[in-house]
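We just call them A, B, C and D in the order they show up, numbering each chain from 1.
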Amino acid sequence: MRIEPLHTAANVAAVVAWGAILGALYMVFQYVPMERTMGNVQRIFYFHVPSAMVSFLAFFICFLASVAYLITRRRGLDIAAAAAAEIGVVFCSVVLITGPIWAKPIWGIWWTWDARLTTTLVLWLIYVAYLMLRAYLPEGARRANLAAVVGILGFLDVPIVYMSIRWWRTQHPAPVIMGGKGSGLAPDMALTFRVCMVAILCLFVALLLRRIVVELLQDEVDHLYREADVAPPERG
Amino acid sequence: MVFLHQLFTIFMKDLRLEWRTREAMSAMLLFALLVLVIFNFAFNPDRELVLLIGPGILWVAFTFAGVLGLNRAFAAEQENGCLAGVLLTPMDRGAIYLGKWLANLLFTLVAEAILLPFFVLFFNLELTHEIPLLLLVCLLGTIGFTAVGTLLAAISANTRLREVMLPVLLFPIIVPVIVGAVESTGLILNQQTEGLAGFIRMLALYDVIFLVTSTLLFDFVLEE
Amino acid sequence: MSPDKFLDFLFAGYGAFWTILFGYLGMIFSRQRRLLREVEELRRELSQRKG
Amino acid sequence: MSQAGGEGAAYAVEAHGVAKRFGRITALHHVDLDVPRGGVTALFGHNGAGKTTFLRIAAGLMRPTSGSLRVAGLDARKEQAAIRGHLGVVSHELFLYGDLTALENLRFYGRLYRVADLEARCAEVLTRVDLIHRANSRARHFSRGMAQRLAIARAFLHRPDILLLDEPYTGLDQRAVATLNELIEGFREAHHTVLLTTHDHHLGFTMATDIAILRRGEVIHHTPAAALSRTEFDALYEASLQ
């Protein structure tokens, strides 16, 4: 795969993403009125929920790339899976940190072990383990195979985790949570939400492309070290 | 027939190795026993508390012991490159997975069978007609976590720090098994039947899904 | 609690978002800079050897 | 399985454009090599030339990224299981379970290879490598040389007709060398095939009927050994190191 076109694409995506994010910030802090019951803190919602959706999308891409990798054995798909998982973990971290910050003033608690929260946490743990596995394996086709297997297994686990926690929760009644998601969002709020969704999506695409470019650069460097017959320096 | 013969050959080899060294078994038993003892000190539970936290303690002991056993399972295969030796023979990859899984399952079940009386004894439980159901839950839960565990042990055996890597990979993925097993055990100990069937069905479903997926994915773990 | 009191939480939330994002961006770009430098050095060395 | 499947083919191993790469990392560039049946082919090359990678691909432990490979006349992509019965492999890894006895190790592998007369064959093989008196000791308690002889016994237990040897002489003691030489000699007499890799050009040259030199993942010379004098060979070998 050539780096140059991807490099350009990553730059273009970055510009678009910054524009979209600025627009989204304007919408969130200027355009949209304050929500009546939750107050200003509700504005977290506009970045929190799209981050959650994008992290889930990232893990889904990791799953698809892993399956495709095992069929075709192309290094490009291995890179895509790794990059998607990493960025998925970044957005998932955002979700797990902004979530409690939003929840505390509204629900009075930082955290509750309900199905959605618990599944998000388990998802984060699975993909952190995935990244750790990659870090501890020597690079090459072997690592790609093993990581792909975990990428597939981890994703298949998600619906089962969600189901099991839901059953579990019906046994232990959780604190009553008021309408978490944007049920019956006012039109200007819905518009703001949609703008934020697009902005976070652009950010995701930009990060994904950048991460792929860096991984390709790493391959190039490894290749050049072999060409030059020099041992690469030890990296922490 | 050939497949079953291969599977059985792998299974018997693992049994023989374990019988020789008794490494996995002694580590599992001692560790799980320690978990039971330490938790007893940590909570100093009375009768009611035991019914509440007992199931969790039991499954922490089982799964942590299981991880020790799983880590051993591929240590012997790594020594002298034995796994490559097995791969040189005209055998089905699936038979390797199922043979090793059955061996792990047996070791873990034996360890659990020894631990269960200690659990009842230490926490002064009175069990009679609940026992068959409890054994069913132990069987289903253990099938679930050893099925994924065998596959992940084969993966983590390739890494440095494999002793750390296996639990890090395994525990998030077996959350449904732990939830299902702990809840079912709790319901059984409290002599409640409501909701029990749902959890047992969930455990069984998990077992089927992950046995099938792991068998299919195992090929890719071995291949270079 | 008055809605204004929630402003702390609002800023904390967006603060967390930007910290994570910039932390991650910092990580990738420092790696990219290092790799680009290595590529350049190695290419120069290889061409010197040939020439 | 079709043991007879490959009897007719003129070459034991036919590799055309076999390559192993992943992204920008190339382990094996492009190998064309026909290993004639009934000979001893020695594959030379310095470390990193791709000898071991090629042997692992031929043994079916690694799958090639591209190219076509036939072993014992069978297509390596489709008939891997049938090929495995034809191959015996000795490498620096011993493939032995330390806590099984010599006999149990052989029985285990024999069952997987589906050796018909297993007990008799194990005894016969153990006698040939002179370990019958230690049949019931654990492999862990063997000296390095004895373990290597057991590994050699394991490799020809199932009566393979192609022997793949990866640096077989490194670290062998005198008796293990003798055992290995007998095995190779036996293969030659039975018109079976031996493919071995080595960087010991002295030893390799004396026993080979065919010589191939691998450099940077490509075969740069492949000739019958008789066509080369010792000095010509040495010159070629030196050149390949450049």
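Throughout what follows, contacts are C-beta pairs under 8 Å (C-beta built on N, C-alpha and C of every residue); 3 or more make two chains touch, one makes a residue touch a chain.
This structure is a prediction, so every number in the text was calculated from the model and none was measured.
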Subject >> By mean Cα position, the chain sitting nearest the middle >> reply: B
**OP:** Express in whole angstrom the distance between the two chain centres, defined as the mean CA positions of chain A and chain C.
**Re:** 16
Original post:
What is the distance in Å between the mean C-alpha positions of chain B and chain D?
Top reply: 39
Original post:
At what distance in angstrom does the C-alpha mean of chain D lie from that of chain C?
Top reply: 50
**OP:** Quick one: which residues in chain C touch 2 or more of the other chains?
**Re:** none
Original post:
Considering chain B alone, which of its residues make contact with at least two other chains?
Top reply: 223-224
Original post:
If you look at chain A, which of its residues touch at least two other chains?
Top reply: 141, 220
**OP:** If two chains touch, include that pair; go through all of them.
**Re:** A-B, A-C, A-D, B-D
Subject >> Contact footprint of chain D on chain A as seen in their complex >> reply: 73, 75-76, 78-79, 139-141, 144, 219-220, 222-223, 226
**OP:** Spell out the part of chain D that touches chain B in their complex, as residue ranges.
**Re:** 1, 56, 59-63, 81-82, 84-85, 87, 89, 91, 93-100, 104, 108-109, 111-114, 138, 154
**OP:** Enumerate the contact residues on chain D facing chain A in the complex.
**Re:** 22-25, 65
Subject >> Residues of chain B defined as touching chain A within the complex >> reply: 148, 151-152, 155-156, 158-161, 165, 168-169, 171-173, 175-176, 179-180, 183, 195, 198-199, 202, 205-206, 209-210, 213-214, 217, 220-221, 223-224
Original post:
For chain A, which residues count as touching chain C in their complex?
Top reply: 34, 38-41, 43-44, 47-48, 51, 90, 93-94, 97-98, 101-102, 104-105, 203, 207, 210-211, 213-214, 217-218, 220-221, 224-225, 227-228, 230
